[in-house]
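Look at the two complexes coming up: chain A is in both, with chain B in one and chain C in the other.
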Partner chain A sequence: MPMDEKTKTLQEDFEKNFADLELVIGWETGFDRLHATPVFIRQPSELGKLVWNPLCSQNLSGYLAKNLDASIQEDGKKIGICVKGCDSRSLVALIQENFIDRKRLYIVGIPCEGTVDLRRLMRLNPSLKNVRKVDIEGNKAVVETDQETLRFPIEDVLARKCLRCLYPNPVIYDTIIGTPVKPRISEDKAYTAVEKLDSSDRKQRLAFWKTEFDRCIRCYACRNACPLCVCQDNCIAESRKPKWLTQRDGIREKFLFHMIHGLHLAGRCTECGECERVCPVEIPTMLIKEKMNQIVKDMLDYEAGIDPEAKPPLLTFDPGETGI
Partner chain B sequence: MRGKTFIAHDELPEVLERLSKAMDVWIPTAINDEKYEIQFLPYQSDRLPVLDRQSTMPPKKVIFPQVETLLHFSRKKDENNPFKSHIKLEDEEEVSPVLVFGARPCDVRGFLVFDEVYLNGPYKDPYYAKRRKKTLFATLVCETSDNACFCSAVGSGPADQTGSDLWIIPVDGGYVIEALTERGENLMPEMGKDATEAQVAEARDVQEKVAGLRVGEADLTQNSDAFEDRFSDNEYWRDMAFKCISCGICTYVCPTCYCFNITDEAKDLDGERIRSWDSCMFNHFTREASGHNPRPSKLERYRNRIGHKFSYFPKKYKGMIACCGCGRCIRRCPVALDIRNVVLSLKKNKENVDVCK
Partner chain C sequence: MISETGTQREKEIKIIGFLCNWCSYGGADTAGVCRFKQPTDLRIIRIPCTGRMDPLFVVKALIYGADGVLVSGCHPKDCHYAVGNLYARRRMELLKRFLPFIGIDTNRFRYTWVSASEGQLWQQVVTEFSEEIHRLGPNAGLNEKMDAETALSLFNTK
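This part shows the complex of A and B:
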């Protein structure tokens, strides 16, 4: 289904169901047509703002856990939310951890052919201007500007997380827009980036991460954009009591923060890639979480955010555990 | 006084190499070959300046480092009285002269905002002052605005020379350099060879063309009273800040954000008192010693960010807006929150406010 048609179907579906909803969370066009931005709609007359396209990268599920009352309301009104495949996994994880009540949600799932990494796009075409529309057609990202139509191979412009995505189709939803899409890779290719890094020796790996983390500006966007980083009120990065980290900007501080961030997401990270997308200094932070997930998969045969009924391994204790 | 000079593209590394023998030279440069983002780093022979687009991080840290040691302290136990110890404080740190090569007018304007607070008020910040005094700016006339840029809307513009010492104008094959201050003039002997008449004429055309551009449609300078009128409109601020994820990007990429925190970082008997960038978007910003925070949620914190830049600051400092219109906060925001929309909507009546951009 073409993108414009999906947008229309999306709007119509919410219009039909708006009587049961108090709020719709989706995306709209941002400050220009190359940027999408979250939108929170409380009036049906505003549903026309909603869009769906490969620029809708924000994972909106975090708002449910951090900014809204996601428990059942007396009037039975629900929150409508748009999710891609990866976003839907975050929803499942939040439901598993009791941050959200499933009955509180009206989930509109969108099978996703991938989101565009704006940095990769701009790198290929630094003078790109006056963009009107971005879409994906097969193996090409199509960028329409006021002057011309450009086509880029998707492997050059999609976000890294999209190129290795195994769950492009929402795993939980009330309505689905369009038809399911096929993953772009097979399961055995999911961790090739991690494996590549693992193939270097320990010293090289340390040097790699030191160089990457050295740029970190401690803005904590990776943490705040993460739908599952839910203890920001007293994060180790800033807490003075207990004091885990100084406020210095040395590699020790940055390293520890990122490692703890990764560790707290072991078996929880749904690989939505928001941490990596938002980083203003391009640190590939998701690699750490991918490594954790690879270990959890190998040892415990568990993938985060797939089955709302499943018990995440780190939320349970099994004295007879054989995986470890 | 030397006239305008010309540096060819392939001569630029040589010029920077020579300059860097006498001073620290900071340039906007790519993180590495595989990355897109640009940051300001000290020049090295293997680092080339990238001047075709705005840097992600402004050169703010050159004068206002993200972390700065204010003083070292060490305690020594009194040999005769175990309940007593002597404290030794050391706070002398020399700074080198610095040239920032390839900043943009918006980057430099950030420091004009800093100056009002750290230099021109009743209290002078000695740490800021010593670096500021020794820093020169060779600034690039800015031909590359995008949809997030709005320097003309806050009283500046892409050809604004205020605060710069040298002026860089891209022309065919290289750059024409012009001195704007006496300190800049002193560096002119290092700035390539004399420009030809044709190059000077071309540079003049570029300068005139850029000076005629208006970057950013609206005027964001007259919103002080509108902000005050809107101050108690909690619904407005709730809606405006709703999508904010409370990270520190907008404040850290901002050339004008100057808030800091001071902490003592000690181990055993020795340590340092450091000053580090703070961010008004963080939930512990303005948390008081009691644990109470007068700005408990992002509603109050976001309101303060807007008020500080567009109302409190201009009221206190001769109408100057504490925003240089570089657009970094919009471009880098994980959720593309647009500060222009928030400021422009201050004057709109409720029905016309577009809360969602």
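This part shows the complex of A and C:
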């Protein structure tokens, strides 16, 4: 189904069901057509704002646990939310941990062929402007501007998380828009980036992370964007009691902050890539969580955000466990 | 500690031990009461249960320059609080496998189970781990000298 048609189906679906909804969370066109931005709709007349295209990279499920009290039921109305494959996994993880109530949600799932990483796109074509439309056709990302139509190989412009995505189709939904798509890679290729780093010398890896983390400005955007970083104002990166981090500007504090973020997501991260997308200094923060997920999969045979009934492995135990 | 040649003082090694109140702390006490000879590098922090162990304790200690971290608690299924060490076991194993990825030598971290009556075992565990850390030498932590350029070429996200 072409992009415009999906947008239309999306709008129509919400129009049909709006009587049951108090709020719709989706994407709209941002300040220009090269950007999409989250939108919160409370009036049916505004549903025309909704869009779906490969620029809709934001994971909207984070809002549910952080900004809205989605677990309290008011006059039986639901919250409508649009999710891609990866976002739906975050939603499942939040449901597993009782942050949101499945009954309170109306989930519209959208099979996703990948989202465009704007930084990669702009690096490839710094003079790109007057964009009218961005779409994905097979192995090409098609960018239509007022003047011309450009085609880029998807390996060059898609977000890194999309190129290694195993769950392009929503794992939980009430309505699905369009037909399911096939993952671009096979399961054994999901951790190639981690494996590449793992194959190097330990000292090289330390140097790599030191250089990457050295850029960190501790803006905590990665934490704020993460749908599963739910501690908010009680985050130990900022609390004074216990005091884990000082205000000192040094590699140790930066390093430790990323360890806090990474370890708190152990066995929970659904690989939506928000941390990496929002990082202003482009630290590949998701690599840490990928490694963690790889370990959890090896050790405990678990993948986060697939089964709403499953219990995250670090919140439980098995007395009979052997080998560890 | 005097090195083998007897001429040079080795840099003092610091090992942090997180011991559970009910088993390993008692075990260490038993070892002391029985006058078993133990290395002096270990600084013990008593925790109520290994379930209290936040893997970040270990990471922070190693980043901030501890030479080794030893976590010890009751044997699985013998926890004073029934299941604390079963939670801990998963966390510790995960951490053990994760540390090499961020460039920290995983041999500097060890977790083990020692009960209050096992003074002998405690002596053995401490001695072995301490020897291992001496073999690895002081932990340079994040100050380790490395070639950043080759490291960066490892992974190009741009």
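By our rule, the second predicted complex is superposed on the first by the 321 of 324 C-alpha atoms of A that agree within 3 Å, B and C clash if a C-alpha of one lies under 4 Å from a C-alpha of the other, contacts with A are read in each partner's own complex, and residues count from 1 in each chain.
FYI, contacts are C-beta pairs under 8 Å (C-beta built on N, C-alpha and C of every residue); 3 or more make two chains touch, one makes a residue touch a chain.
Note that this is a predicted model, so its numbers are computed, not measured.
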Touching partner for A:150 - first (chain B), second (chain C), both, neither: neither
Chain B versus chain C as contact partner of A:23, first or second or both or neither: neither
Contacts of A:295 with chain B and chain C, given as first, second, both or neither: second
Partner chain(s) touched by A:40 [first = chain B, second = chain C, both, neither]: first
Which superposed partner A:202 touches (first chain B, second chain C, both, neither): second
Touched partner set for A:123, first chain B, second chain C, both or neither: both
Which superposed partner A:210 touches (first chain B, second chain C, both, neither): second
Partner chain(s) touched by A:277 [first = chain B, second = chain C, both, neither]: first
Interface residues of chain A shared between complexes with chain B and chain C: 120, 123, 282
Interface residues, chain A side, partner chain B - complex: 28, 30-32, 34-41, 46, 49, 58, 62-63, 67, 119-120, 122-123, 126, 129, 215, 217-221, 223-225, 232-233, 238, 240, 246-249, 274, 277-278, 280-282
Residues of chain C touching chain A in the complex: 55-56, 59-60, 63-64, 76-77, 83, 86-87, 89-91, 93-95, 97-98, 100-105, 141-142, 144, 146-148, 150-152, 154-155, 157-158
Complex contact set, residues of chain B against chain A: 31, 35-37, 39, 52-53, 56-57, 66-67, 146-148, 239, 242-243, 245-249, 252-253, 261, 263, 265, 274, 276, 279, 282-284, 330, 332, 334-338, 340-341, 355-357
Complex interface listing, chain A residues touching chain C: 120, 123, 160, 193-194, 196-198, 200, 202-211, 244, 251-252, 255-256, 259-260, 263, 266-267, 282, 284, 287-288, 291-292, 295-296, 298-300, 313-314, 317-319, 321, 324
